[in-house]
Structures are given as structure tokens and as C-alpha cells.
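Please go over the structures that come below.
Each of the next two complexes has chain A plus one other chain: chain B in the first, chain C in the second.
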Partner chain A sequence: MSTHGRDDARRAGQLPAMPERRRLLIGAGLVAGTLALSGSWVRTALAQSAAAADVAQNANFLALSRLLTGWPALDARMGERLYAALSGEDHRFASQVAALADFAKKGGHANVEALTAALDAQQDELAKTLRRIVAAWYTGVVGEGPNARVVIAYADALMFQPVKDVLMPPTYCQAAPNYWVAKPPMA
Partner chain B sequence: MSDNLSADVVVIGSGVAGALVAHQLASAGASVLMLEAGPRLERWRIVENFRNQADKDDFQRPYPAAKHAPHPEYAPDNDYLILKGPDAKSYASQYLRVVGGTTWHWAASAWRFLPNDFTMKSTYGVGRDWGISYDDLEPYYYRAEVELGVSGPNDGTDLGSPRHQPYPMDHLLLSYNDQRFYDVLNANGFKLVSEPVARNSRPYDQRPTCCGNNNCMPICPIGAMYSGILHVDKAERAGAKLLTNAVVYRLEVDAQDRIVAAHYKDPDGNSHRVTGKYFVLAANALESVKILLMSATDKWKNGLANSSDQVGRNLMDHPGTGVTFLADEPLWPGRGPMEMTSIVDHRDGEFRREWASKKLHLNNQVQTRHATLKALSMGLTGKALDDEIRYRSAHTVNINSFHDILPEPNNRMRLSDQKDALGLPRPEITYAIGEYTKKSAVHTHEAYAKIGKLFGCREIEFNDTFAPNNHLMGSVIMGSDPRDSVVDGHCRAHDHANLYMATSGVMASAGSVNCTLTIAALSLRIADTLKHALGKAS
Partner chain C sequence: MKAHSLIRSAGFVGLALALHGTAARADADTDLVKRGEYLARAADCVACHTASGGQPYAGGYGIESPLGTIYSTNITPSKNGGIGNYSEAQFDAALRHGIRADGAHLYPAMPYTSYVKLAPDDVKALYQYFMHGVAPVDGAAKATELPFPFSVRLAMAGWNMLFLDKAPFQPDPAKSVEWNRGAYLVEALEHCSSCHTPRNALMAEQSGQAYAGGALGAWFAPNITADPVSGLGGWSESEVVEYLKTGRVPGKAQAAGPMAEAVEHSLQHLSDADLKAIAVYVKDLPAIRDVHDQQPGHVFGSSNSDEATLRGVAGVSASNSAGGAELFSAVCASCHQPAGSGSKDQYYPSLSHNTTLGRGDTRNLIAVILHGVARKADGKDVFMPGFGADSLVNPLSDQQIADVANYTLKQYGNPALKVSAHDVAAAREGGEPPLLAKLPRLMPWLIGGLVVILGLVAWLFGRRRKG
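And now, the complex of A and B:
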């Protein structure tokens, strides 16, 4: 199983080792140079995508996804597949991604929770798009109904990240037999 | 050509029952031919199918039904089983028509029935007697435990089924989740025990120790859990011949009422005939009935083995209810195997005159996915989303149950007018759950509420609609009187001297535990009977 997210990011030296992944986006290494200019976590994250403009759509989606999920080291290939699947089920998706990025850039929200709240208040459609993107990354599945759903990822779905110190994706083995006897972390 | 195939023993079906019979007899030097309607699947493929399926709760999905040998699929519904009656949905059963059978996906609970389960009529005045006793089966229960590789509490825990030998393996140590339940429930008037399971607690029979992949259903990735495929492989190594994709649709009977041949169709619809001295019908409780009913002749108008008119009747399962809540402490289900403990204080007693016995079991399945779906449905994003996933994964409690049901002739399977791709009739089932079971479920609901309270529950959700548990029993029911039963105490058809039935369909009471170990014990007993009959007994 490949992993992505904070451990990979740490190994790559991109980010300081911090226990709370929400802080990673505003970690010193990442934002030191741009914080003064933008004053916003949003512009910082989206700025990363500008440098990769040659694969603009996917890069923009990935940058937006980093913003919306809070995970800094999302898998680019998974992002491409999610983008294709989400676009495939809704022809307005590309423009919604652009609108969402635009809204986020202008808003100056402190974090994705604040962005979500703002969208809920002002832009119902974009709020739905935001949640579709988040749900796709977290579940690894796109689509509705028993026949329409496409599995993009299993073990790499983000849902396993918040519990990965305690639980494994089913079918994978965590440790030696009887590891389950020990009292797990209580938080 | 296969049309010329002949064997001492023809076994129809390659699940745990058929495979055990085939392995025993082939090992004793008999020629054995196994006919399996479905295809052979490799374990790695099943694991990958599971990882790539959207609905992870659908245990049938990793085993795609063959067109020529369909089995029930529910998401979407392939309408293979035609379900009728007031509780039709409660018999929406899962089983697999593949080499190895339905024990590819089970929780591996390997319980023995209780002595009183065999004598419900004479002890409690309800239901039926089997015509054999627990003592008749006890040595075979032990042999089944050795064959399957059962680990259980060798610490003196009384599970109500007297044993002469210890479990072949000691039980696995309880997960933190199960241990907390053990401590809290046993201190508060419940009896919660570590349950016997066909799961390795140490290397056994060339298979590894369970390492907690938490995927017993729908597939153990490492083979630490027993599955019928293991005895299929052993039977083949011992010389049994297995034909896959061989859909038996008729047994041929001679003037002396002996079975002389089995006819099967290949996936192209071509017909083939194999002959044998003895026939063992091991095609599960519903498919076996199908074959008997499809084999009707002028003399056997209602189908073979059916002079009693009981073939297809007395259908039973373990109607289940459940509860889910959030505990006030983190328990972290999902570490270790999917199920380790059961609540057994109402498996037996005088109350069985009035209402059904039952077993409750704590789910130790990883809750991450359900927690995530719930958290997403709450609209959360960001840190709030992660916190909610973590909280629900740690605090979710899910308990389910099996209730006994009485054998009722009107709960039955017939051949439908609707046909499958080979032109064979689909099973049509009529099912109603009676007051005997419903009364018990009310008591179970109260027990759930009490347990919830002990764990300071929030968001308690009772699921009181009876769920199927896929323990298909009663359809070729055992009894000592040929007028009201299909097989005798040795699982031999009253009507046909060389026809045996190795299926949970023979079971004359449902009890409160799953039927696999009892099927295995009965199958080993059939094998002994046939060894003697063939002069192969050592």
C-alpha cells in the first residue's frame, strides 16, 4: 500500500513534523515567503498551482483539493482520476472548480471550515461542489447508486488518515497477532 | 467425455459439507466425483474485487454470480430469489455458488448446538426433535473442530455443549473492545463469552495465525480463517475429481428408487450424465431442494425424496435484530478479527416453551467508513470532519443477534415459473416469522437498551426489522418418521437408500448459533457411513 499525506510530505522535507495536519498548510516552511504578500492561507495554496500551469486543470484541481481537504501531499494521479470522474458525471464541474477557487481566493477565510460556512451562506451550489470534492477524496468513490459508483481509491482514501495510528483499512494487517489486546490511544 | 464419468460417490456441491465428505472418502480410497455449479475463484482475486467495489457492505459483490449458476445479488438486486409472504425481505439470503461455497465469507463462529436444541419437542413442547441426540454428534463435533481448525476458550468457560476434548487451539486474546464488553457486561448480569471460531490462534494446518485484517466477511486475505476451499483442495490432492461449472439439474432414479445418475448442464447448456454408487447432495439448503424438485418423475410427482411432502418446507434462518450507539468511552472496534465475543444468557431455558432462544454478538468491525459517511452527511469539512471520523470510529458500538425460529411447513421454497439463463427454475420462497420469535425480539430490544445504558449511550438506533442471517435450515428436514421428514438420523433420504444430504437443510431446529460446525459434523458422519458401506472403513 502506498501512502500519501503528512508522512510522505515529511519525508520529502517539504514540511516540518507537526502533529496536527491542519497546521501544515500554514507551516513555516511552506508559507514563510508568501504570507506577508497574501496574508491568506488560500492564496498560498493556490499559488502552488500557478507554477504548474502546463497541466492547468488537473493542477488547479489538485491545488483546490489541497485547500479543501487540508491535506498537503495529495496524490496527483488520484487527483487526475477523481477530476475525470467528477467531471464525467457533471459537465458544469470544471467551471464550478474555477468558481470555487475564485471564491476561495477572494474570501480570505481562515480555514476550510470558514470557507464552507461562507459558501453555505452565499453560494449554495458551490457549497455542494465543495462537499462533493471532499467526499470524493475521503471515500475514494465517485457517483451515486449501486451501478454508477466508481472506485478511484481504497486504502489511499483520506478517510483512513485521521485514524491511521489506531486502525487499518480492512484487508490490511496492522501489526503482529494480538496487537489488538493493548489499550489503543484514547483520543 | 465427462458423460462417461462414474465414481463410488458423486458429491453435488463443493462447500464445506461436500468438500469434507469428498476429502474423507477420497482419503479412504474411494473414487469421488464432485460437481460444482459455479466457477473456481482465487483468493487474491476476491480480495482485489473487494478493494475495488464501491459498496463495502455488500458481501456478495466480490463473488460475481456466474450467468449459468446465479446466486443472490442485492446491490443491485438480480431477483434470483423470488421472495413472498409477510416477512419476504427477512429471507433475502446470501449464499455463493462457487468452488468452496459460502464459507468464503462468514464470521467463522464455530459453535456446537446445545443438547436441548436436538429435542425441542420432547423437552419444551415446541418445534421438532431431530431423531438424533447431541451425544450422537459429540465425537463428530470434535472431529469437525479438528478439521476446520477451531480455537476456543480452553479456560473452563461453560458454553453449554459438553465436550470431551479441549479445543484444538486456545482462543485468541480478546481485543480491547471485546475485553471492555466482557468486563462491563459480566459485572452487570449478562453472560458474555469468548466464542469458538474456525480461526487460527497459532499456525495450524499449514495456515497462518490471524493478524487482524478485520475482513473475515467478505474475505480473509490470508487464510487464517477456515473456508470450504481448504477441503476442496485437500479432496483433490487425495484424488477426488472436481468438475466446475457443472450445474446439476436432475437426479435419475431407477425402478428400485435408487439414484443411478446425476445430469448436469455446462455453461453452454449441453447436458451430461455421470453415474455413481452413492450420491451426496451438498448444494446448500435451497439449491439442493431445487435439484430434488426438478427431478420429479411420473412416480415421484412431487420431486425425489418427497413422499412426505416436506421437501422445501420448514425453512428456517436466524432472524436478527441489531442496535448501534455511541459509547461514552473510546472502544475502537476494528482491531483484531471482526467478531470475538457473544452474549449467551438466553440460549437455553424453560422460556423456550414460550419464546425463542437467542445469541447476541458484539461487532468488532472497523467503523471508519461508516463514521466517514456519517460525518460527511453532517456536512463537515476540515478539522471538524477529521475529528468526527475519529470520534465515531472510536465510539461506535454495534450489536446484532440471532433468534431461533420454529420449523413451520408453510415457510417453504418452491420452483418458480421464472427461469435462469440455463432455463432452470428460480427458487420461490414464502416466509413468515411467528410470535415465538417476535416475543423474543422484544426482550432482545430491552437487552440492547440496558447495554446502551451501561455504556452511557448517545444516538442509540434500534434495528428491529428482522434481518436475514443466511443460515438456511429445515428444507430437507431430519426426523425419525418418514411420513413427516425427508432424511433419517444419518442424513439419508427416507425414500432413496443411496442418497445422502450434506446440508444445513437437514437441521430440524435452528437454535441460536450459526450452523456451519453442525453441518461439518453431520458431513463427517455421512462420510463414516459411506466408508462402511463401501468397505473402506479402516
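And now, the complex of A and C:
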């Protein structure tokens, strides 16, 4: 108690001796605070515009995917993840998606068969990108063989959808135990 | 010669008549035994009076009452340990008034408060069945030893004074024959109120809350009154019959726990006419609404899946299981499907439109995750593994069960409900014990006083009745 009191008294006696240092400190603090605040504002603004760009890119990818797969209702969340994984695999992917969409629009190709035929004849690189996108949606996997990056969809992968009424992918129960004993339903 | 043959003919006729009489009596006895067998099925005697893996009706099944384990007795006709020495009057006293042949009182784990309404003819048939239709098994079942003061069986005399209504079953002439048959089955034989009516502080059924739903260990026997929100108002008669016969109604509910046993051992064996009568009566039970309920339990939820954001991200770990989504994907989805829709044949039921997740009470959700489902009904074996400590699949912690329960409630059921790890821990212990069960540990002297008060009440009641 008494020691603290002495320390306080000494500090109190020293401080008025350097008022300019205090002003400097306060001023520096204010400048730093302003910079920090504006910095975080800039960062937020940047993040917002980046997010807006992402939303637009994802929407474009989903629209293109609908044309490429022929499935009218695709899961937007799965689309985002496939887009991110495909972009991570190849830095040119974003521009290729834009080029593909542009090519389909200009050529007026109504379905993926017509589009693929046109690309195979004129744009070999884009034809490969098209097949990568279709494969990703159908298998739920991005990349092939040892280069496969990640399993993004399993039961929801498009390849399982046409047979879903009579066949679930392994891991999921189709029906009651021993359902396979009975004759399958006539389609 | 003539006289001789006459006498001989008369003898033959007499013999034939005598034989005929015996045969008729034997037929009548067989019919009575058969009727008794049906009644014993309806009353589900076997559920409690048979230990798991034991001989039918030989007793020894431990009923986990909040006050301690009550062991059922041997009710086979063995004279050594069974009820072979019981007269019909003694059988009747035990069945309808809870008094053993030696004069001691039964605990109301034996639903004599319901059986008291049994018709004398039915008691007779049951007696014949238990004397002649059941194989005798020697040896008394394990004795019940409740802690003091519940060990004082005489206290039940006071309890009976307060809570045993000895009035016989009275048909309501204003209602149909079918309704009255249903009333008799529900109130007396099937003793539905034993579980579906909440109990008061002294463990007696609350008359003002008849069939509004009661606790049964970790399980909850739901409201089965005609209320359209809290009860069965939204169920059709045929759906009630289907549930009692098969243990399930797709899009509404499935029987698990003690109700699965009731369906398996008793209800599915009833005649269609009796099941219809039960449905008619239950659909007319005075409605009781829980003010917290906003819509019927089977209305909640829709199929949906978080697979698209989960797959390939990370497995279940201590750090990411809090959302429950990963746990659901790992332990629930293989049967209930990634979107919780259940299998196409609904053998694995949908989690949305399912009263277990929509009802305003989470006890059955916790209990079914802990203990699973085992039900033999409708010619099928229905099985869900439990995820409790003895799980054959994957024992989950209290917190994990709470997490996955909360995830399924949010995703497929009533999102207003929450389960805590404490709720799960309580369910593992067989549910929150009622106040009466907690008292002995806290204040034994108070219970002693209660017994004295009950005795006094009984004595005063007795005096007033006589006077």
C-alpha cells in the first residue's frame, strides 16, 4: 500500500515534465486508430465486392451446368463446391466457364449434344473443360485417378439419380431387410 | 331276456347321455379357457409376468419403478411358487383389488386400478385360463425389496382408499355398443391409462388429466385424447387401428419402447372388431390441450439434406460434431437417408412428419436414440440399433446424442425444442425421478410422517364409510 503510494507520487511528479510526449502519443494513437478503422472498411468493401463476384460466377456456373447436364434442378450448394474445386485444379477454369457460356450462347446450341459436337470440331480445349464439368456433376468427384481432388457428392451425384427409385448407392438402405428376396417391382 | 336287454339299452343310453354331458362341459370349459387366453392377451399379462428369456407367466420381470425395482410374480398354476392354490375369489381379490392370497397388498405396478373394472365373467374366464391353459412353472419369482418406507406394503391400504375407485364398469346407454366395448377394453383390460395418464406426487393417475400423456422411465406415453393438436384428433379411426395392429402409421408415428411391447404382445392379437372399438372410444376421449403445442406433432418438418456442404469436408471430430450434421450423416443417414426421408417403403421411417420429432416433448427422441427399436408386429421384425453405452453400432456420449437430437429437431421436427446433455444423462438413468422417489434420500422422516398421515386418512375414510 505504502510502496504503491510512493510509486504513484513519483509518476505523478514526472508526467507533467513531458506533456509534448503525451500529446505525441495521443496523436499517434488517433492516427493509428483511424488507419485501422479505414483499413477494416476497405477490407470489408473488398470482401463484399469479391463475394458479389463469387455469387455471379457461381450463378453463371450453375446456369451453364444446367445446360451441360440436362438437369433442370441442380443443388446450388453443390455447384459452389464443384466450382471452387474445379477452379482450384486449374487457374484458367473461371475464364473457360465464361468462354463456354459465350460459345453456347453465340452458337445457339440448345442441348449439350449439339454443343459438344460443335466444340469437338472447333475448340478442343473447351470441349475438355465441358467434359470435366459434366464428369464432376455425374460422379461427384473432381479430378481423375491419382489426381482426384475430393469427393463432393455421393448419393446426390447425378449418376445415381436415374435409378434412385429401385437402387440406392451402397451405404444407404433401399428398403426393409431382405427386400431383395421379393421380385423387383415392374417398371 | 326282454327285460334284460331293456336294462342294457337303458344303460347304453344313460352312458351315452353321461358321455355327452361330459363332452359338452369339456367344450364349455375349453371355450372358457380360450376366452381367458384372449382376455389375458388383451390385458398383456405376459409383458410384465415373464422375465426376458424366462418361462411364460413365471414372473421375475423387473419393473423399473421410480421407487425401486418391482419384480412381477409367478402366475402359473404351480402350487409351488405360482398361484395354483388360489381360489377364484383370491384370484379376483389380487386381480381387481391388489390383495394377495396372504392378505398382503400389491404395489400398483400391477394395474389393479384398471382391472377393478373387469366384468365378473371375464375374471372367471381369466381364472380358468390361468388354472388350465398355462403350463405350471415351479419356484417363486425374485422378491420385490423396495427401500423403506415403500417397503411397508400396508401403506398401500391408505393409497387404495385415496386412489382405488372400486365402482364397476358402467356402460353408457347413450353411446353405441361399439363405443362401450372400446371403453371397457381401454379402461379395464388394456389399462391404457397406466401409462398414458400422468401421475401425481403419490404416483396415482391424475383424474383431471386422463390420457393427457405420462412418463414411463425414459419414455413418454403421449397424449391420446381427441384433441386435434396435442392428441389423436388428427388421426382417422382406421389409422388408430393400423397403429395398434402394426405398430406404425407412415407419415405419423411408430411404436417403440413399452408401446412396441404392447403392440407385439397384446394389441396386434386383438380381433379387428375390438381394435375398431378401441379406436372409436379413443377418438372420443375428452380433449386435453397442452398450451405449448402449436400444431400436431405429425405436421412438422420436410425432407432436406446438408450433404452438399458436408461431403468431402471433414469427418466427425470432437471439434466439428457440435452441429450434429456430421453425426447425422455418419450414424443416422444410412437408414433414414441423407435427406431424412426414410426408405421408400418407410420400413425406415421418415424423420419429418413423425411425432417423435414433432411432439412437444423430446423424451421419446432421446430414448429411441439411446435404446433403439425392437418390434415384432405385422409379420415383420422392425429394428433400430440404440446408441447408448451398450450399442452394437456406435456408443455416443450424452453431448453427441444431444447434438444429433437437436440437429434432427431443427432439420426435420419441431425446431423450438432443445435437448441438453443433462436430459440425455437423465434418460440413461431411466428418466427424471418423481419427487416421491427423491424424498427417501433427502428426508426419510417426512416419508414416515406421510405413511402415518395416509394410514390416518385411510382409517378416517373407513370409519366414515361404515358410519
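The working rule: the second predicted complex is superposed on the first by the 120 of 187 C-alpha atoms of A that agree within 3 Å, B and C clash if a C-alpha of one lies under 4 Å from a C-alpha of the other, contacts with A are read in each partner's own complex, and residues count from 1 in each chain.
Keep in mind that, in the parts below, a contact is a pair of C-beta atoms (placed from the backbone, for glycine too) under 8 Å apart; a residue touches a chain by one contact, two chains touch by 3 or more.
The model shown is predicted, which means the values in this text are computed figures rather than measured ones.
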Touching partner for A:75 - first (chain B), second (chain C), both, neither: second
Broader residue contact with chain A after superposition on the shared chain, chain B or chain C: B
Chain B versus chain C as contact partner of A:112, first or second or both or neither: first
Which of chain B and chain C A:156 touches, first, second, both or neither: second
First (chain B), second (chain C), both or neither touched by A:174: both
Chain C-contacting residues of chain A that also contact chain B: 150-151, 154-155, 171-177, 179
Of chain B, residues touching chain A in the complex: 47, 50-56, 75-76, 172-176, 179, 201, 209-215, 219, 221-222, 330, 332, 334-336, 365-366, 368-369, 371-373, 376, 379, 381-387, 389-390, 393-394
Chain A contact footprint on chain C (complex, rising order): 305, 307-309, 311-312, 333-335, 337-338, 343-345, 347-348, 380-381, 383
Chain A residues touching chain C - in the complex, by the definition given at the top: 75, 77-78, 81, 140, 150-156, 165, 171-177, 179
Footprint of chain B on chain A - complex, ascending: 20-22, 68, 70, 111-113, 115-116, 120, 130-131, 134-135, 138-139, 141, 143, 146-147, 149-151, 154-155, 159-163, 166-184, 186-187
